[in-house]
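One chain, chain A, links the two complexes that follow: it is found with chain B in the first and with chain C in the second.
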Partner chain A sequence: MIVANYLVAAAVFCLGLLAIMLHRDLIKVVLGLSLMEASGYLMLVSMSYRRHATAPVLVNPPSGQSEQSLVNGNVTDPVLQNFCLTAIVIGVAVTGVFLAIAVRAAQHYRSVDAANLTELHG
Partner chain B sequence: MTLAGSLPLAVAAPLLGGALSPLVARLHRRLALVVGLLSMAASGLVLGLAASRVYRGHPLVHYLSGQGPSHGQVLGITFVADPLGISFALLTVLIGFFLFSALLSEFGEIGEKELGGLAALCQLLLAALIAAALTADTINLFVWFEVAALASYGLTGFFLERPIALEAAFKMAVLTSMAGFAVFLGAAMLYADRGALNFGQLHASLAGPLPRPVLVGFALLIAGFATKAGLAPFHGWLPDAHTPVPGAVSALFSALMVNLGVIGLVRCGVQVFPSGHRMLGLLTAFGLVSALLGALLALVQDDLKRLLAWDTVSQMGLLMLGFASATAEGTAGAVLHLVNHALFKALLFLCAGAVVHATGMTSLSQLGGILQRRPLVAIAFTVGVLSISGVPGFNGYVSLDLLHAGLEHEQPVLWAARLAQVITVAALFRAAWLGFLRRRREPYEHLAAPRSGMRLSLIGLGVLCVSFGVFGYSIIRVVAGPAAATVLHPERYAALALGRGGGLPVVPVEFSYFGAKEVVPALVELALGLLLCLAVVRYGEPAPIRPLRRLHTGSVNDYAMFATVGVLVCAVTLLA
Partner chain C sequence: MTEKARTTEKARTTARAQAETEREEIGTIRARPGEVLHRPVLAFALAAGALAVLGLAVTGLPTDTAQLPAVARQAMRIALPTWGQTEVVSEVVYGSRGFDTFGETFLLLAAVISVMVLSRGREPRSEYVGESSAGQREQAELDSDGGSSGTDQQQDEARSAERREESEDAAPAELPDDLPLGSRAPDRAQAMTVVVRAAARTAAVFLFVASIYLAAWGFTPGGGFPAGAALTGVAILLYGALGHQRVNRLIRPNLLEPIEVFGAAAIVAIGVLGLVLKGSAFRNFLPLGETGTILAGGSQQLYSGAELLEVATGLTIAVFSLLGMSHDWAGDDSESDSDSGSRSGSDDEGEDET
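So, the complex of A and B:
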């Protein structure tokens, strides 16, 4: 199950990277970056799955209780889930900035072709 | 509140200032920048007090909200004021102060909304840099990386009258977001495998053979920070981002922001990653390529700011060579050069900004005659050029000599670094001659008067460039030596980050100001550089550089492809 997650994450990541490298359409480049980020989220939640282990917040269990009595079975690492939430928030902000730039570029050049954006070179 | 406990205030002050600036701009627009000056002063006070302890061998450690280590594990945010971090933080505050002073005089006239936004973005970026210098865990470093990135997108696209600002902002945003993603994924992979975020805990967990996910994680971290540092082949965004923005913002990017990447590379690649691996070779390779590529392309640029930006790529490469040399001289030289580069590059970009502001031109072929018309700006630019060229008496001389001395055990690298220095001298003297010193018969159509804030910044930075050269020896002893010691003794830094106090080791750094081994090579490089400069001015662009220029097509897709190749190089080198 987890292996499938990693495979899908890798596939989505490659798709995003290809879009960034091959598409001249600014919106598609932004979509490619979003795909890359989405693959990161999937990878993070998959990595947080811990079989027969304890979450790191349980390093110091309350007195009278052991780690095993607090956790029955498999756990998910809450730290990585937190990262995932952070990444989603940052991803949204960055996508917003990207789209703002793309809109301004579209207003100015009347197209979203990245070939217009090569005045600075060499 | 203890001194260590007040470290977060150094970050909070500019963050608060950033929130206040747009509000007070409604009262009076210049107040927005005055708030910036005040927040830098407040932050500088805290950091200065901390530095007086740190430089005397008592580094400070603070765990935010008291989440200290338990059984050698820390998940909370850790701030460590070690000599390297505090030096960069103090440098940020110092240069930030001069930049606000320059902005105040150059942009005091634009609208209140714009000025408020500009001041807020600058303070946000400065806060992120100070925090990144002090932080000692991977995820917190990523957060400040992203804060700096978002602020820099805003600053690049701020002056949209020039459509190239849009273009630069888009390229920068694509490459920096890819870098941010790499840093984030790398940090998460390291955490998933080692259960550690704190640099000290991570370093301790890396003893013994390393599994693949850990190596891939490090490859991603290195690629991400190398993008921020503008190292080749991740450098596509850097020259573009510096071209359309005002001089003070270019100075902020080149003098300070790229150093965030260098700090990240040093922390992750040298201090956390166990030595004796291929990491130092990888950093040396990136450093070499950047040093030569940046210098060569700087040699042929026509746009003054773009020339200086390409030189930043070259200088960052040189810094990496020093840090990756793993010698006391090389590391101390790199730390000192990081500080010196920030000083002279800020000075050069402010001069370029002053010229663009006064004449409205950026092209070297059209400029000229600034010495007669604006002597202060021309002299300040020349001081910057002399510093960067390693002329004895100016600051670059000391740090370049130390850096070169540290590379002596690897002769090919040393000769490449010397070659890069010769080309750098030629590139910068060409800029000084064409843009500032040569005569220009026809008068400028429009020549704005210089302002006092700009004068203050130029004189201040120029004096600092000279005094860091004159007092080079004391600065090595007080600042660069201890900072090099923390880099060369990662186990001490790791112990600090885990709160196991203790002093810092002392690493002796050999340097003699007037030794023949120091002075002669510097003068030979200078002479060769001047000859090359004459040849380029006389005969135009050298043919071998043309393919390199054609390689930089300006297309965001191509630059993303270069960066992807760079990531693969990192991964393959570390995994092989």
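So, the complex of A and C:
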């Protein structure tokens, strides 16, 4: 039942959102953001799944199938798998930048609490 | 009202006021950084709303019995005849949606540059971690200036301790590998024990070969991304086990940064060559080799190789920039003077934690 995967992805997304909203600790905010990204990966991979399908690889097809029958046959969605790979790289990039900002903020303010980052207050 | 009753009433009022003050104090304590949940009602309401909307939305997504979308069927059809590609996901990554990968790679490059800009110190760097020589003279001059005023003895002590530590760091008597077997394990900041060092050296060779194999030969062509990430893993493994002195000949900014930019330039060149020679960006312009061999897939193999360079160096630069961020703590003297008034007591606690 793939809908269960979708619902778990939605729940993990909301968990990440909750972490971002509830915590002022910058590291926890970055962790929440990573949770939200991870829910995206789960969603994309779940969407590419097909029942009784095989991998979209045109080498050594399963018994009883040829490469040509695989092309028209039942395989998982390769485009969504590509999107998932793209999302992972973007997730890593975003996490890296946010962590660098968190470390700099910690060094400057001696605190990772967002409420203490008050230098730009009017 | 009798005198006794009046006294009791007064005592009650005092007690109530005291309790209120205490409650306020508890409130203040609770409001201290990191302890309370921030705006819980709003957060839970928003999360519940998002869950409801997402829950409704995902029930409308295609189920696991639906037919593949047209774009996926098209990718399956053209993978082998047009791109000579047996792994359809790689065909999508480096072939029919090569432009997406191009955008993603340059987003990664932008992120790496952001991390570098955010994490760089005041002095130019020759290595990421264990930076010991650059700026030492300038720092000594600054320190002697600050010391002569004699305003902050504690700061001076801390600085001299830090200097001692750094000089130990800069000139160790010998590398951990030169010590005879059976001698004490080196300082954790220098390297790990001989068992870990030997295991890491062995594992690193296998991991390195496996990464290159993944990019060059695994379901050829393709695999530049995961192979690059695995190479970064090798770099971190060697740094963790052998210490910065052993890896800083390879992992240093003026070697990694040119390689990264070369990888990025190669990707641009592959896209432009496809555009010029075949009429669309990232189109294959090389003859397709035999399927399943290292030359299969034409220009996709070049694209994958350029990605390998770009991702391996980019992630390594980002990781080691973050690792090397620990030194530049104290601000300028003028800065710290003006800040000291506005900083609260909690600042000192933070110093120890981080």
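One rule holds for everything that comes next: the second predicted complex is superposed on the first by the 94 of 122 C-alpha atoms of A that agree within 3 Å, B and C clash if a C-alpha of one lies under 4 Å from a C-alpha of the other, contacts with A are read in each partner's own complex, and residues count from 1 in each chain.
Everything that follows uses one rule, which is that contacts are C-beta pairs under 8 Å (C-beta built on N, C-alpha and C of every residue); 3 or more make two chains touch, one makes a residue touch a chain.
Remember, it's a predicted structure, so these values are computed and weren't measured experimentally.
Asks: Check the residue A:99 against both partner chains and state whether it touches chain B (first), chain C (second), both, or neither.
Replies: In the superposed model, A:99 contacts chain C only, not chain B.
Asks: On the A-aligned overlay, A:108 touches which partner chain: chain B = first, chain C = second, or both, or neither?
Replies: A:108: touches chain B and chain C.
Asks: Who touches more of chain A, chain B or chain C?
Replies: Touching more of chain A: C.
Asks: For A:2, decide between first (touching chain B), second (touching chain C), both and neither.
Replies: second
Asks: Could you tell me if A:90 is touching chain B, chain C, both of them or neither one (first, second, both, neither)?
Replies: Both: A:90 reaches chain B and chain C.
Asks: Who does A:40 touch here: chain B (first), chain C (second), both, or neither?
Replies: first
Asks: Kindly classify A:21 by the partners it touches after superposition: chain B alone (first), chain C alone (second), both, or neither?
Replies: both
Asks: Report for A:79: first if it touches chain B alone, second if chain C alone, otherwise both or neither.
Replies: both
Asks: Counting only touches as set out at the top, which of chain B and chain C does A:29 meet: first, second, both, neither?
Replies: first
Asks: Shared contact residues on chain A, chain B side and chain C side combined as an intersection?
Replies: 17, 21-24, 43, 47, 56-57, 59, 77, 79-80, 86, 90, 93-94, 97, 101, 104, 108-109, 115-116
Asks: In the complex formed with chain A, which residues of chain C make contact?
Replies: Touch list, chain C to chain A: 33-34, 37-40, 42-44, 46-48, 50-51, 54-55, 57-59, 61-66, 68-69, 71-73, 75-77, 79-80, 85-89, 91-93, 97, 100-101, 104-105, 107-108, 110-112, 114-115, 118-119, 219, 225, 292, 311, 315, 318-319, 321-322, 325, 328-329, 331, 343, 346-348, 350-351, 354.
Asks: Touching residues of chain A toward chain B in the complex: what are they?
Replies: 17, 20-24, 26, 29, 33, 36-37, 40, 43-44, 47-48, 56-57, 59-60, 77, 79-80, 83, 86-87, 90, 93-94, 97-98, 101-102, 104-105, 108-109, 114-122
Asks: Considering the complex alone, what residue numbers of chain B touch chain A?
Replies: Counting only chain B, the residues touching chain A are 70-71, 73, 75, 139, 143, 146, 149-150, 153-154, 157, 160, 163-164, 166-171, 173-174, 177-178, 180-181, 184-185, 187-189, 191-192, 195, 197, 239-240, 243-244, 297, 306, 549-550, 552-557, 560-561, 564.
Asks: Help me check something: in the complex, which residues belonging to chain A touch chain C?
Replies: Interface residues on chain A, with respect to chain C: 2-3, 6-7, 9-11, 13-15, 17-18, 21-25, 43, 47, 49-51, 56-59, 67, 70-72, 75, 77-82, 85-86, 89-90, 92-94, 96-97, 99-101, 103-104, 106-113, 115-116.
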